[in-house]
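Below, chain A partners chain B and then partners chain C, in two separate complexes.
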Partner chain A sequence: MVETTLIDWSRAQFALTACYHWVFVPLTLGLAVIMAVMETIYVVRKDEFWKKASQFWMKIFGINFAVGIATGLILEFEFGTNWSNYSWFVGDIFGAPLAIEGIIAFFMEATFVAVMFFGWDKVSRKFHLASTWLTGIGATISAFWILVANGWMQHPVGMEFNPDTVRNEMVDFWAVVTNPVAVTKFFHSVLSGWMTGAIVVIGISCWYLLRKRETRFALASIRVAAAVGIIGTFAVMFTGDRSGVHVARYQPMKLAAAEGLMDGGRRAPFSIVPGIEIPGMLSILATHDIDGYVPGINDLLDGYTDPDGNEHLSAEAKMYKGETALRAFRVYRKIKDKAPKAAAEVKKVLDGNMEYFGYGYIKDRNELVPNIWLVYWPFRIMVGLGGFLLLFMVTVLFFERRGKIADMKWLQRVALLSIPLVYLAGQAGWVVAEVGRQPWAIQDLLPVNAAISSLSAGAVKTTFFIFVAVFTLFLAIELNIMFKAIRKGPGVDEGQ
Partner chain B sequence: MLCIGEKLKSIWHFYADGFRNMTWGRSLWVLIILKLFFLFAVLRLFFFRPVLSGKSDGEKSDFVGTSLIERTEQVIDGK
Partner chain C sequence: MFTYEFLQNYWWFIVALLGGLLVFLLFVQGANAMILLMGADEREKQLMVNSTGRKWEFTFTTLVTFGGAFFASFPLFYSTSFGGAYWVWVLILVTFVLQAVSYEFQNRTGNIIGRTAFRVFLALNGFLAPLLIGTAVGTFFTGSDFTVNKAAAGDSLMPVISSWGNGWHGLEAVANLWNVSFGLMVVGLAVCLGLMYMINNIDDEALVQKMRRRLVVSGVVFLVFFLNTAAGLLTMDGFAVAEDGTVYMERYKYLHNFLQMPAVLAVFLAGTVLVLWGLAGTVACRNFRRGIWPAGAGTVLVVMAVLMVAGYNGTAYYPSTADLQSSLTIANSCSSEFTLRTMAYVSFVIPFVLAYIVFAWRAMDRRPLTSEELENTEHKY
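Take a look at the complex of A and B:
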């Protein structure tokens, strides 16, 4: 029997690694845009100030990039060691996007990052500018392929399960690439990176204003960053809305948990905090219709009929179908070589119940409910902080345009405080996405207790604490190098 | 027009000069190399050996198939 502690430690380790990886990725994506915009201004206006400004943010980008590089590799190590059943079961669906990501990351980023850092006096201004933009585009394309893989886990499409190879085989690459969950997740995640980059740039710039140094540079950086951040935040809100509709459609349990909605219905309320609700708002968010039906946790477990007359199976019915699929899989594997004709008949049973395959591993229907507290609160943190950060950036831009921000110490201090908050919002978003889909490693097809390798919990625990120590060390080194670079400053205001 | 050899040479010089003239980037490269060493020479070698490595595709299918069925038995037959 798979130990619960093994599953918990493996999940904790994966979560730790993914959270650590997501410290670096959003800043890479956001800073790439901000420094490229600054360099574009330099190329258009031919003003050396903008060149030095973009070079400074490139330096911060470089530090973040160097420390963040290869942190994603650890996740792949964990797939192979801790989640070997999963790794094999997903087949080329997961392998293909990750391979494309690896190739693009290596060639595009390695080439254009080099030109960006080494090529200032060696290539033309326009070629250098193109390289800076392509560095950001390369990082964004890399993110796309990773999120295609993640989107497939949330909403598996474009594949068929082959019981001979025990793998899911891709039958429709286009369906995998255009998976609505993946596409929305891509834009939502990348654009949240723009927010992160913007808030970090505004925060560091305000630190200069508090110190009464680099004033021109700080104000110019705030202007560009706030504009990028506001555009990014509106786009994040739009994609967040799309994401809500997709979650309601493909992962209704995640939505019900995020709302703590036990009993659903029409005109479902949106919970701001426990006890304070907006009537009908959840129906609008989930279905874009105030009369839309949103099932609650009990409806999803008991089964329900929606207003269109569609019947949705109870947890027990799905578990029965899952058991049927697993029994057929077991018999098929036993007889496929000895009795191919009978095996073909058994395979039909498997195919007919395959969409519930994972439910066969569920012993108790309550296992299908994720940790409500751990989904409900991070969702509120993400949305609440997103709203606050938008308001903050609009305020910053408003006062910057009126030439007042350099004297507004309170706003500068809020800017500094906003840096950890934007990271908290991003991490909370991933907690909602990943905890909310538990117990599934692959939605409906493979729960974590079947996806995990047979290891000792002690071994996973050991590597968990090694990671904690090493990640903390690397993060401390990064922050130390970054703080040194910030303290030194861009030096563009000298003599002005 | 530069021939391929000259092009490769100029690319080589581009990178070589870039690395030679690095200032703050040097400490970052030390950090990257240390990290990659830790990842591949410590973590990969001692802690993260892929469970399915060294097996043929057929053996991997059998291994995972058996593992999934064993867990089926634990759940279904345990009911």
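Take a look at the complex of A and C:
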């Protein structure tokens, strides 16, 4: 039997790597756009100030970039090292986006990031500018393919189970690529990166304003970052709304857990915090209709009939069908060579219950409910901070347009405070997305206990702590280097 | 035209090509293995670090793409080897992670653990990564202790398909001296390539002459392990696959593969000649700086030939010593026909990718690196 501790340590290791990776990636995505815009202004106006400004943000980009690559490497290979069954069971679909990411995106990033850092005196101005944009475009394409893979884990489409090879096989690549969950997730994640980049740039610039130094540089950086940030923030809000509808449709248990909604119905309320609710708001968010029906956790476990008359099975019924599918699969494997006709009949049983195959690995209906606390609170943190950051961006843009920001100390302090908050919001968002999907590695198809590698819990525990030590050390070093570089400043203002 | 069998072979070719490019790009690691041994002063060390510091992302990216391509085209290898030979792969990854940050951080104010620590990380990665990758590839010929049972997926309590037979999880590969010889050969080759790359890329006569002298030693070490490994490969028993998919042991299997696939033998021999040309030319001729190019091209060809011998001509490329019939072959471990075909269309962009890499590389390396350039550069390591 698969050890529970092995599953927990494997999940912890993957979560650790993913969380660290998402500390570095959003800043890469956001800064890439901001420094490319600045360099474009330099090439158009031929003003050395903008070159120096973009070079300063490139320095911050470079310090951050390397650790993002390092954690990304571990993340990719952990699918094999810690989730080997997963790698075989869905590798036929899941491997393709990762390979395409490598071939198309990573090489673009690797080639042009070197030109961007070292090519100022080696290539023409326009070639250098193109390289800076291509570095950012490469990072964005990379994000697209990995989010296609992640979107597929949330809402698997375009595949069929093949009992002969014992895996799911891709039958529709286009369906995988245009999976609505993946497309929404891509824009939501990448544009949240723009938001992160913008808030970091605004925060650091405001620190200079508070110190009354680098004023021209700070104001120019705020101008560019605010424009990028406002686009990012509104787009994150819009895609967040789309995401809510998708979760309600494809992962209703995640939504119910995120709301702590035990019993659903029409005009479902949105919980601000326990005890304070907005009536009907959840129905609006989930279905765009105040009378929309939203099932609760008990409905999903006990089974329910929706207002359209569609019956939804109880957890026990799904588990029974899952066991039937697994049994049919075992019989099919035994007789397929000896008695092909009988095997064909058994395969019909398997096909008829295949939708619930993953439920065959579930032993207790309560396993189907994710950790409510760990989904409910991060959801509030993400939405709450998202709202605050939207307000903040609008305020910054408003006062920046009026040329007043240099004198507004309170806003400069809020800007500084917003830096950790934007990271907190991003991390919370991924906790909601990934913890909310539990116990599934792939929604309704493969639970984590069937996705695991055959390792000892001790081995994974050891590597977990190795990664904790390495990543934490790198984060500490990165922050220290970054703080020192910021303190030194770009030195581009006149008289400095 | 694109039959399933063709696509399987095509993808093994792509994996072999990526493997060849990866070993060539290990010149970054080979050069790093020399930083602490060769740089007489800080100026020389900086030249060495900055020379490969502008290329390390290519090695890193090729490693990631190699992994991604293996995942997409041969997922059973991905799940069996990575999940089974756990410690070997984790060690390889950790050394690459240490390398990834070491370039950027080593010369920055506030790097906490000091410049030397990051250079030790680079040197560690420089030696261990080729050694471990080489040793792991050695098991493609000597086998590993694993079993694959796809029917296990039907067991709701223990549904894991691939299992490793011992608690060493891949580290036991070092118990086979031929695997170690394979690993040391790759270390030797990486060091030679690293030295030849720097000889071509750095404009500093004293340092370059020192590298030429070092190349004699590392060239001899490489050749000793190369001959030992090649002799072992040509005389060992191999894991053959019958028409019905049954795996059995065949005497001199890999020698037979070379003889039965003359094109692969020609690629292997051409690659070997190119590597020797690069090495001998750089050692013998004081004005010959471009040895990295014939040696690099030769490396790609030799590695491709070796991987083709491992997988083509009815051979199990990832054999199991625990259960012969669990061995992985191109046919039993690959993705579906639909996925291989889709990925084949994607692979058509590879020439375009290679073209822009060559274009950018040439633009950046038009002039060799000098100390003066480093003094006047904002972004340096």
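What we mean here is this: the second predicted complex is superposed on the first by the 492 of 496 C-alpha atoms of A that agree within 3 Å, B and C clash if a C-alpha of one lies under 4 Å from a C-alpha of the other, contacts with A are read in each partner's own complex, and residues count from 1 in each chain.
Note that in this section contacts are C-beta pairs under 8 Å (C-beta built on N, C-alpha and C of every residue); 3 or more make two chains touch, one makes a residue touch a chain.
It should be emphasised that the depicted structure is a prediction, and the values quoted were computed from it without experimental measurement.
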item: Partners on chain A (chain B, chain C) - clash or fit; value: clash
item: Partner chain(s) touched by A:165 [first = chain B, second = chain C, both, neither]; value: both
item: Partner touching more residues of chain A, whether chain B or chain C; value: C
item: Which of chain B and chain C A:342 touches, first, second, both or neither; value: neither
item: Touching partner for A:44 - first (chain B), second (chain C), both, neither; value: neither
item: Which superposed partner A:468 touches (first chain B, second chain C, both, neither); value: neither
item: Partner chain(s) touched by A:118 [first = chain B, second = chain C, both, neither]; value: both
item: Touched partner set for A:106, first chain B, second chain C, both or neither; value: second
item: Partner chain(s) touched by A:175 [first = chain B, second = chain C, both, neither]; value: neither
item: Contacts of A:272 with chain B and chain C, given as first, second, both or neither; value: neither
item: Identified clashing stretch of chain C versus chain B [79-87, 223-231, 259-267 or 349-357]; value: 79-87
item: Intersection of chain A interface sets (partners chain B, chain C); value: 1-2, 59, 62-63, 66-67, 69-70, 73-74, 77, 80-81, 84-85, 87-89, 114, 117-119, 122, 165-167, 323, 326-327, 329-330, 333, 360-361, 363, 450, 453-455, 459, 463, 466, 470, 474, 477-478, 481, 485
item: Interfacial residue positions of chain B with respect to chain A in the complex; value: 14-15, 17-19, 21, 24-25, 27-29, 31-32, 35-36, 38-39, 43-44, 47-53, 57, 60-61, 63-65, 67-69, 71-76, 78-79
item: Chain A - residues contacting chain B, complex; value: 1-2, 59, 62-63, 66-67, 69-70, 73-74, 77-78, 80-81, 84-85, 87-89, 114, 117-119, 122, 163-167, 323, 326-327, 329-330, 333, 360-363, 449-450, 453-455, 459, 462-463, 466, 470, 474, 477-478, 481, 485
item: Residue ranges of chain C in contact with chain A within the complex; value: 54-55, 57-58, 60-61, 63-65, 67-69, 71-73, 75-76, 78-84, 86-87, 89-90, 93-94, 96-98, 100-101, 103-105, 108-113, 150-151, 153-154, 156-164, 167, 169, 335-336, 338-339, 342-343, 346-347, 349-350, 353, 356-357, 360-361, 363-364, 366-367, 376-379
item: Of all residues in chain A, those that touch chain C in their complex; value: 1-2, 55, 58-59, 62-63, 65-67, 69-74, 76-77, 79-89, 91-96, 98-104, 106-115, 117-123, 127, 131, 162, 165-167, 169-171, 173, 323, 326-327, 329-330, 333, 360-361, 363, 450, 452-456, 459, 463, 466, 470, 473-474, 476-478, 480-481, 483-485, 488
